[in-house]
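In the two complexes below, chain A is the common chain; its partner is chain B in one and chain C in the other.
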Partner chain A sequence: MLTRDNRDPAAGPRLLLSLLAIVLLWPGIRLSELDLSVLLATDSQSEMGRFVSAFWPPAHGEEFIQLLLQATLQTLAIATAGMALALLLAVPASLLASRALSLSAASRGGHPSLWAQLLRWPVRGLLIFLRSVPEIVWALLFVRAVGLGPAAGVLAIAITYSGMLGKVYAEIFESVDQRPAHALMQAGSGRLAAFCYGILPNVAAELLSYTVYRWECAIRASVVMGFVGAGGLGQQIDLSMRMFAGGEVASMLLTFFILVMLADQLSRLLRWRLA
Partner chain B sequence: MNRLFNLLLVLGIGAAIIASFAYLGIDFGELGSARSLSQMGAYVQRFLSPDLSTGHLQAIGYGALETLAMSALGTLLAAVFGLLLALPAAGRFGWPLQSASRLVLNALRAIPEMVWATLMVLAAGLGPNAGTLALALHTTGVLGRLFAEALENTPPEPAEAIRLQGGNPVWAFCYGTLPNLLPQLLAYCLYRWENNIRMASVLGFVGAGGLGQMLYVSLSLFQEAQASTVILAMLLLVFAVDALSGWSRQRWVKA
Partner chain C sequence: MTLRLIQASLSHANGVHALRSVDLHIGAREQVAIIGPSGAGKSSLLNLLATALRPSSGEVQVLGERPWQLSAHQRQRLRARIGLVHQSPPLPPRQRVVTAVLAGKLGQWGLGKSLLNLLHPLDIPGARAALARLDLGDKLFAQCQQLSGGQLQRVGIARVLYQAPDVLLADEPVSAMDPVLAAHTLAVLCQHAQEHDVTLVASLHAVDLALTHFPRIIGVRDGQILFDRPASEVSHDLLDTLYANESLQPAPVPDTPLSVQIPRC
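Right, the complex of A and B next:
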């Protein structure tokens, strides 16, 4: 006769796995000095409570609004100028790094010869290096090299984003149908002409939408970079936080949300129009 | 008409770029002048001889472990709280709780990790605890929303079958819904963990522990040799994580 079995056959292994995970995580808990109780502890709660209760009403003095407007414009300008500089480096680098414009690939069924791959590696390596160091580290370095202010932010965005854009552009060039460009190159056209007439028409929409998306990311990044002194909204948020000016922090965070939302809408519009 | 609009858009973008450079007023002539270039060259040169002494490498190893621990625990906490918030956010307990939990998730997500870290340093003091909490708070918002979407899209039939057989809602969730959902949840967690390791290594700039704090301190003390070793360690960490997550994704998360 069949009997009902209440036992979960997978319970044992699951229990063992959980125990193993806890044993592995235990040193991690020690290392990260994890202590959730600080969020509820009375003294920090009252400290935080006072700070957070100052959030309402958000600061809205005329002078402060002027400052806020300037910081917001600066953030936008940092992102836009950084992207423009990044494009200056990313476009030539992507053309150099992409396999799509390899002459030897055109006559070998898409696989470039060994030395053609080797010659592309320095450019690829440079792009990897540029994007692997986080932008905020670049910002920190540039703040020390060129001083506090927006110049550091612009250069940091230009460097990191040229690495990302260059890599992604090169991959986008390789992702579309290679035959038009190969046909052009084998018929004797130059590489740039083959790119302009064989590849660009197919990839233009994707390039644009990715670039606009990165611009949106650059706005968020330029706010965060302000925390190490690279100008814009982030620097003001950092200053106000250090002065425990809750109202100012609240209105600047609000401005940040509105900015991100507007950038989102604008990039949607641009992508829809241009793509 | 369409062409005209596109042309106007392109002109507008060009104008925006020129206006940005004009507004910032960065003196590129000054930046690119021989004097400032040689100054920057001298600054870069001090990074070219990284400090590879055993003591410093040990400190970096500890910092890297701290960064890893911060990111792992932050992601784990976020996964737990994210799932707890995702249940109401997916509409399991009626609409008032749904909109309330969505509001909480959106607020958590909208504030960048750096801002959370600054706040947590004020609340919890300097050190990795602040960084872990900051990562957990922001990631809860992100994972909660992703989990809620996954919950809404998962087929309800297995859980309904268990309910119809007389199983209680908790068992129905654990044995009917969760097994289907788990690979997706795991994929989201891995993806966020990858992000969080990068983030954890820079949260230290505002005093939240890990490699970032070491980098910030050694740059402030003008110890460029030590700083360049920290940057190398960050690069290694990021590459290792990329490799590991690529491998584990292939191994465990089938598309």
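Right, the complex of A and C next:
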């Protein structure tokens, strides 16, 4: 390894980076007050045991199932409507923020001109702002504006998720081979046409899979927002927890498991169709 | 004068000087081959002429315009009249051949027509005709990832034929084809150029192909033009100078000396 013949110029930096990661990890563990031994203490174990044991058996009364079904539909509706609204903002913003549509990059070996980079910053800033405020804060804000109910959840998801989707879409556009689009722009094509012919075929599977994953996340997020009165399964979980009805909570967690599994299968199906 | 370089230099971002003060004039309807060793700057030269890259210094004139003094919109309109064939055509693997060929006209179509064409190909006969000239008519609805390197090169050429530009530039257009197919494809390019009054500039690795198909030969070495003369005046010694490579270790010489046959037209 140390002889001159088989020396890899990348070995030094790699070793340094590994050391740096370890050095940074230690204060991180201290700061987050992580102490795994607490989990093994007997009194905390019995406390957790009591919490979990209340979950059995899952509630399955007819009236409760009706309620559960309705709450599930509402959760799905919140997540889907929120995602649809988020896409309305995320797609144009990602196109503006991405370097993939840069005409100047096409004739400068992939590096956009300084002006083009500066003009992308406001859009990036907007996306950063949209997603830096947690959706629960948006939900609390909108509950005050539109009142208790699912509408607040939809708006909160739409705003936060447009920030996340826009950022990741823009990065997905940049992560694939840019030469097809550059070749088209060098042959006189417009940016949007070059994007649709040169980039979209390469990113379609990745875009779909990320969008379905985010939809799955939106379902989970709508639960957290249910705790602050934004409707759906979350509100039901909140109510059941307050009434110490562990069985009902268990049934709702099972419903989640099924929803996430369905989203996973959907994503797999779409990827298979596109690959 | 269709293509003109005046003291044009090109250096890449990593500091490599790809071209150094090149002067070049190519008239309308000329057919020119560029030859030279690997890394000599053939691709850079073609990219400058195609207005794909901006020269670091000097001037480029294409079709009577100065592309780098035009507005971006006008430059795109000029670029629609220039076709560049890439050595390994950059095509999305999942794109169908028919879409890849029809994309040649994106510069002339509006956005609406371009998007409609993605949903349903608008000119299937046109794409089929362009592919049929290159013996690829049966691959019309195949995906690009199902094609071999030589077939992809022909799809790239079919796209430029369909684009029907005024200036046709080709960067090693036949490097992945067998000799018969390479000769046929070059003949198709030259014939298309003659029929449609197109200026044709192609870089080639195969010297014999260049000398057979092109009346004017430009030799490029170390980012400069070493010679620029009619094919009939390119001598053996000239080619030896062009391709001389001091840093290569000579292979053990076989008993029977290799005779390099360079056919002439």
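Everything below uses one rule, namely that the second predicted complex is superposed on the first by the 216 of 275 C-alpha atoms of A that agree within 3 Å, B and C clash if a C-alpha of one lies under 4 Å from a C-alpha of the other, contacts with A are read in each partner's own complex, and residues count from 1 in each chain.
Here is the rule we go by: a contact is a pair of C-beta atoms (placed from the backbone, for glycine too) under 8 Å apart; a residue touches a chain by one contact, two chains touch by 3 or more.
As the structure is a prediction and not an experimental result, all values here were calculated from the model.
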Which superposed partner A:A187 touches (first chain B, second chain C, both, neither): second
Most chain A residues touched (candidates chain B, chain C): B
Chain B versus chain C as contact partner of A:V223, first or second or both or neither: first
Partner chain in contact with A:F51 - chain B first, chain C second, else both or neither: first
Touched partner set for A:V146, first chain B, second chain C, both or neither: first
Which of chain B and chain C A:E62 touches, first, second, both or neither: neither
Chain B versus chain C as contact partner of A:D5, first or second or both or neither: neither
Contact residues of chain A, present in both the chain B and the chain C interface: 274
Residues on chain A engaged by chain B in the complex (per definition of touch): 25, 27-29, 31-36, 38-39, 44, 47-48, 51, 73-74, 76-78, 80-81, 84, 132-134, 136-137, 140-141, 144-146, 150-151, 154, 220, 223-224, 227-228, 234, 237-238, 241, 244, 253, 257, 260, 270, 273-274
Chain C contact footprint on chain A (complex, rising order): 103, 106-109, 111, 177, 179-180, 182-190, 192-194, 196-199, 201-202, 204, 274
Chain A partner contacts - residues on chain B that touch it in the complex: 5-6, 9, 16-17, 19-21, 23-24, 26, 31, 36, 39-40, 43, 65-66, 68-70, 72-73, 76, 110-112, 114-115, 118-119, 122-125, 127-129, 131-133, 198, 201-202, 205-206, 209, 215-216, 219, 231, 234-235, 238-239
Chain A-facing residues of chain C, complex: 12-13, 50-54, 72, 76-84, 86, 89-95, 99, 103-104, 106-109, 111, 114-115, 118, 163
